[in-house]
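Data first, discussion second: the structure below is written as structure tokens.
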Amino acid sequence: QTDGGRLDVVIQPEPPGLMLGLVQNGPTQMVAGQLYEGLLRYNSDLEPQPSLAKSWEIAEDGMTYTFHLNEGVTWHDGEPFTSADVLFTTEFLKDSHARFRASFSHVESIETPDDLTVVIHMKEPYGPFINAFETGSMPIVPKHIYEGTDYATNPMNATPIGTGPFKFKEWVKGSYIHLVKNDDYYLDGLPHLDEVYYRVVPDAAARAVAFETGEVDVLPGGAVENWDVKRLTEMEDVCSTSAGWEFFAPHAWMWLNNREGPTADKRFRQAVMFGLDREFVKDVVWNGFGTVPTGPVSTKTNFYSDDVPMYPHDPEKAKALLADMGYDGTPVRLLPLPYGETWQRWAEAVKQNLGEVGIVVEIESADVAGWNEKTANWDYDMAFTYLYQYGDPALGVSRNYTMSQIKKGSPWNNVEGYENPELDKKWDAAAVEPDLAKRAALYNEIQKEIVEDVPVAWLLEIEFPTIYRCNVKNLITTGVGLNNGLRDAWIEE
Amino acid sequence: MTIVGPVLGRLFKAVLTLLAIAILNFFLIHAAPGDPAAVLAGEAGAADEQMIADLRAQFGLDQPFYIQLGTYVGNVLTLDLGYSFRQGAPVLDLILDRLPATLILTLTAFGISLTLGIMLGVAASARVGKPADSLLTGFALIFYATPLYWAALMAVLVFSVQLGWLPGFGYETVGADYTGLQRVGDILSHLVLPALTLGLFFMAVYMRMTRASMLEVAQQDFVKTARAKGLSPSVIRRRHILRNALLPVVTLAGLQAGQLIGGAVLTETVFAWPGIGRLMFESLAARDYNTILGVFLVSAAMVILFNIVTDIVYGLIDPRIRHTA
Amino acid sequence: MTNPVLSIEHLSIKLPDGADRQFAVDDCSYTLDKGEILCVVGESGSGKSMTANALMGLLPEGVSVGAGRAVFEGKNILRQTEAESQDLRGAKIAMIFQEPMTALNPLMRIGDQISEVFEAHKRHTPSERRKRALDLVREVDLPDPEKIIRAYPFQLSGGQRQRAMIAMALALEPQILIADEPTTALDVTTQAQILKLILDLRKKRDMAVIFITHDFGVVAEIADKVLVMRYGKIVERGTTDAVLKTPQHDYTKHLLAAIPSGLVPQNAEVQNSPALEIKALNKVFRTGGGFMKPHREVRAIDNISLSIAKGEVLGLVGESGSGKSTLGRAVVRLVTPDSGQILVGGSDMAALSETELRRARYKVQMVFQDPYASLNPRHKILRALTDGPIAKAVPKEQARARAHELMEIVGLGADAVDRFPHEFSGGQRQRIGIARALAMDPDLIIADEAVSALDVSIQAQVLDLLRDLRSKLNLSILFITHDLRVAAQLCDRIAVMQKGKLVEIGPVSDVFLNPQDDYTKRLLAAVPGGGWGLAEAALT
Amino acid sequence: MSFWKRFARNRGAVFGLVLLLAVIIIALIAPMIYPRGPWPMVQRPFLAPYAVDGLPLGTDTLGRNVAAGLVYGAQVSLLVGLISTVMALLIGVPLGAVAGFYGGWLDEGAMRFTEFFQTIPNFALAIVLVAILEPSLTSITLSIAIVSWPPVARLVRAEVMSVSKREYVDAARLAGLSNLRILVGQVLPNTVSPIIVMASLMVATAILLESSLSFLGLGDPNIMSWGYQIGAARTVIRSAWWLSFFPGLAIVLTVLALNLIGEGLNDALNPHLSRKGRT
């Protein structure tokens, strides 16, 4: 192992801010994950690992979680890190972090018996709770900086202070973000790298060029279009891996509007599933990366089951279903995800596929804001999306299918308007079931039933290969990959 | 003395125009679907209504529209472009950060296109009807017809990737910490490709204009007078024809200098140039209202500034405007 | 003749294919002596300018010397290299042009344009050039020389610019000065000054002058020898006296006959009631304003009152810019006056509403100065002649018939209505303009410089036509011109304007033979071709 | 008569006309050559030109026929170019004509309005407009028209002002014609030549603008256009150059053709009328 060196990583799009407690979008997590830390990390099997907490205990009944914090941890400005910061964080995040708010709604109270201990008392046992302490889910923020201020406009947001292995140095907007090694990091010998540059390159083709010309060393997943991946990985001394996305397990599907139009008919939705040539898309549009899903739960997520009805590419069946329902050729609108060429091609492929079974598709066009607006307000027939699963169906899956999650105005819930009260009960029961085997059985039932209903058209378990130079070692060590991977990374001489 | 009054009047008009632009843009941009809160929340990958509502309140989007407009206009009048909640910084700072890059890019492109365009235009007009003229005008036409972004892609491919002569993107070598001349050289090497691709189109425009204008002026009576004096053709071309031929070119250039900023959106995107064109485009996608409005206002101000500069240059060339008895 | 400075032998100048004829100049020979002024006259297009251009080596593209020689200092200057021509131009042979407004570089100071001549021929040091330029400016009598050499062309009047041109031409003391219609664009008083200047300089420097003109008045004033050209050929040559008094060739006779004579008709008493009455009319133009431009005020009509009787022709004369056109246009309200009254048939043109005006204008029509600009190039003549009557609610058929009739009256033939304006010559167009005015059956016609742009022979035809019409139709005419000879021929009374003011008005013979106002006297004296002596002969 | 002769004398213009006619014909017969349209995936993706019979320009990232895309793209480019130009003329000509003809506060107002639009950089405004209206063929065409009319208004105003000073306009006034009739019947017809020349160049610019918008992802996703093809292919420009090369070439040639025609028209329509016949 060698210490020192500089790593250039592409970041796209440019993050809106780096204060992870306030902003949690993808690029922010990727950069700020080096600055802030959570209580825990998760390996690629999604098992908890120590981070700010060096150890933890869960009571038998699942009602109490006790965390023991590392000693000698300081914030980047030299202030000591204590359990008070953790307590403060739970206050802080309530206002700005929806996912945190959701998981902590099961919490009764929090205690800090001493500077290095945090005890959380639950209202009820909540299975996935131990999965909610990673940096992005619960970044610990400094109390001494934020207490008593307006968090959103605190000037320190521009120069974030965390406990992480790297410190914020400089951000030249539109160009790069510069992080440097935290010399006072509490784990001896870490980090290895001296500095990290996150480079903003807005054009996908230019990002590929940047990697080719040696300007950058790491292309995070999704940074280049899939067609370039093959070419780049064939270069000398270039490695790639699909690891590092296990925690997120991005799952792509098409929302089918269950409320109105042809898509309100189950037979139509099933016809869509049969009409789609998902293997073709995986092979051609995604260059072979990813897995065709069988249902709402990703193969990477806990409680995945393949005991469900299958939807192979079968145009004849699709046509039969359409004939059965008496589909009259009413055009359906398709709203693609405005995330680049890959997604655009995907929409075109879907349009072609469905066109072949007789479904008239009109692609609509919108940028991110327009997409948000339309999906959040249910103004669509079919709309692409992909969401993270966070390791557990209760965290990342159920939110898309339960009636309590039908809320206009947000695009991250049951947007399709799927209503199945029977299933809702099972989802709720599974979330708080302390017995693992029972939980699994519940989720099996759920998956079987819901796949029959096709509330949405599941398209692909996306894989985002990370491309990097082979002399960069230990780049991805956790289930969230690059988001907190640089702690252990080093460059071989 | 006579100059102060009109300049003040002009500035006053400019301020009114800018204000009108601010208001129109305000309407335009708020007419777009979606809002910054939704985008920001959306990007987080998991958000709920409460979060979006909180963000809206924080951004002031829960206020009635007319109050938002009033606040904005009030701010603009006090030269305050507002705060970008998305980026967490005052808009003016964001823009000032990016403006130098855009200015360097557009002014260089403008300089290149104008000088080269005029030189080639003069050269072509001196050889009118000959093969050299056809060749030059032919090239100009092709540059004119080539989509900017396409040229940019090709340029990166050839000069940066294949030949490795020039950096293909960015503004300077990141982290090299050059200072002084070294830094200037570094920026210059990064500048070459974007400035050339942005400049080529406009060069073609100026070249054709110069050529046509030179030929037109060459028909005028005073050129015959100059020939009757026994002046050599090159002196006539330089001293008599060119100066008169420049007048329409200057007018056109003044009008287009502002448009360069628009064209810079594409160049800045392809070359990852950290300028305000890209800032505008990205802010638009994020519905970062204050930032888009700010960029629009600043670029409109630059257009107006260019127009004033054009008038001054025009006055320098044309005594009829400068001296008025 | 002894030892000519220049002798031209069998010169032919070829025009490009498709031109109106093969040779612009066809087998011409003549000589020019030292200190002599040779006038070249002839109608437009006769090849006058081409000869001069050939001598300078400045033939336009496509036009080339076909045959012949021009011997100057023992060399044929028609067959020289471009470099040799450059050495000659400006140094040995200099030239001045017709249009002083456009012949100077608008962006360069006068002084620089003059010293440039020295520079072109590598004479003197820069500071000396400057000094000499100043001397030259003095020599051509430009006011305030120090200031003038620092001035730009737009700051000078037409006459001053022409002087500057002459200064340039004289810079290197050339042996030959070619002047291509140098006074055509100037008004009479200025013209007289320039002619005098050329005569003076000729005497002082003993240079030879080729003076191109189509004005026989000018010829009479300055020429030693005359050359008459037609269709590129020399049809007559001789001393001034010989050619003017005893012309041999028919064409020369024809040209001379067409010249408006200085003869002034006897007073014809007009007692009819007025067709037009102008009372205390005023018009001030305010221009400018805007970025870097100050305001400017011009009093174009300054408290003018006059009247025109039915069937009367009133001549309105005065030099350029005196306000003649403005007055004419005010009558038909193409210009809205600031104050005063314009009574046409009792109604006040100055106070009518838009629709009333349209009606009132039927009675007053205008014939415009520029025969090229006054007809819409995209409309056939028929439309030009019928648009008005149809708007006036004359039935279409009737309007058409009238148009045919009018074309006969103005001597173009009824068939001509189906042609486009560009298919007519200038004189023909001018007649169409008259026909158009007549189509409206007006009581009063304003003719603004209606014959100024025409060649003398055509001018005579149009004047005849007007006279004829007046007597046939009992028309009143306000005849605006700057050519006093033309005015004398046609008008009953004359009004003289200066700087917006009416300085004199009266019967033709009174004004011409017994002018009261100083300005009128100056104006009359400036007319080239030797005064109004002829008029006295007519009185006896 | 002489118009065609003058136009035909300019060899470039004739070449441009032939080129443009070719593009128009191709656009018109597109449905006959490729009746299934440009979208079906006909073969393996990334086939090089002529790698397989019947695919002279190869296939794209989804295995669609590039040649078919090109042919249908011609329809879009021409349509957007023509319609947006016509719309820009419909805004610019009346505005400029009224401003130039009536003068006074009408002129002042119209010119302020025009200036206002010219103060916002063109392309930036087009981007914002398309984003607001959401990309579709209509919104793109409309946006292009909105950003391209100001120069038309200015040109028409200048021309109308100059033509209005001609004496034949005065003559028409004296003939008692109404202002509107004078403007429409006498003045405007004499301003058409420069407008036609400008329009031919505007079509070219509009085609470029559409392709630029498409490149930025602001194209109509249901429509195959050249800009779309280049934008879609830019990420694979290294491995499949033909995907962006041919549409790029198509744009260059079409724009070139329009420019050449514009120049030819300029020569043929404005043979220095003022000089003719006076010498």
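A few remarks follow.
So that you can tell them apart, the chains are marked A, B, C and D in the order they are listed, and the count of residues begins at 1 in each.
Keep this in mind: a residue touches a chain if its C-beta (ideal position, glycine included) is under 8 Å from a C-beta of that chain, and two chains touch if they have at least 3 such contacts.
Which chain is which protein? Per UniProt: B = Dipeptide transport system permease protein DppB; C = Glutathione import ATP-binding protein GsiA; D = Dipeptide transport system permease protein DppC.
The structure displayed is predicted, hence computed values, not measured ones.
Interface comparison, C-D against A-B: more C-beta pairs in contact at A-B.
Annotation: 88 Å between the Cα-based centres of chain A and chain C. Rounded to whole angstrom, the centroid-to-centroid distance between chain C and chain D, based on C-alpha atoms, equals 46 Å.
Rounded to whole angstrom units, the spacing between the C-alpha centres of chain A and chain B is 39.
In whole angstrom, the spacing between the mean C-alpha positions of chain B and chain C is 50.
The multi-chain contact residues of chain A, meaning those touching 2 or more other chains, are 203, 205, 366-367, 370. The residues of chain D that reach two or more other chains are 131, 134, 234, 237-238, listed in rising order. Residues of chain C in contact with at least two other chains: none.
Shown are all chain pairs that touch, namely A-B, A-D, B-C, B-D, C-D. Residues of chain D touching chain A in their complex: 39-41, 45, 61-63, 131, 134-136, 217-222, 231-232, 234-239. On the side of chain B, the complex with chain C involves touching residues 2-3, 6-7, 9-10, 220-222, 224-233, 235, 239-240, 243-244, 311, 315, 317-325. Interface residues of chain A, counted against chain B in their complex, comprise 6, 8, 13-14, 16-17, 19, 23-26, 95-99, 101-102, 152-153, 157-158, 172-176, 178, 195, 197, 199-203, 205-206, 209-210, 212-213, 215, 366-374, 376, 387-388, 399, 407-413.
Only residues 44-45, 49, 329, 332, 334, 358-359, 361-362, 364-366, 368-370, 372-379, 384, 387-388, 391-392, 422, 426, 433, 436, 440 of chain C touch chain D when the two sit together in their complex. Those residues of chain B that touch chain D in the shared complex are 17, 20-21, 24-25, 28-29, 31-33, 141-142, 144-150, 153, 157, 161, 255, 258-263, 265-266, 269, 277, 280-281, 284-285, 292, 295-296, 299-300, 303-304.
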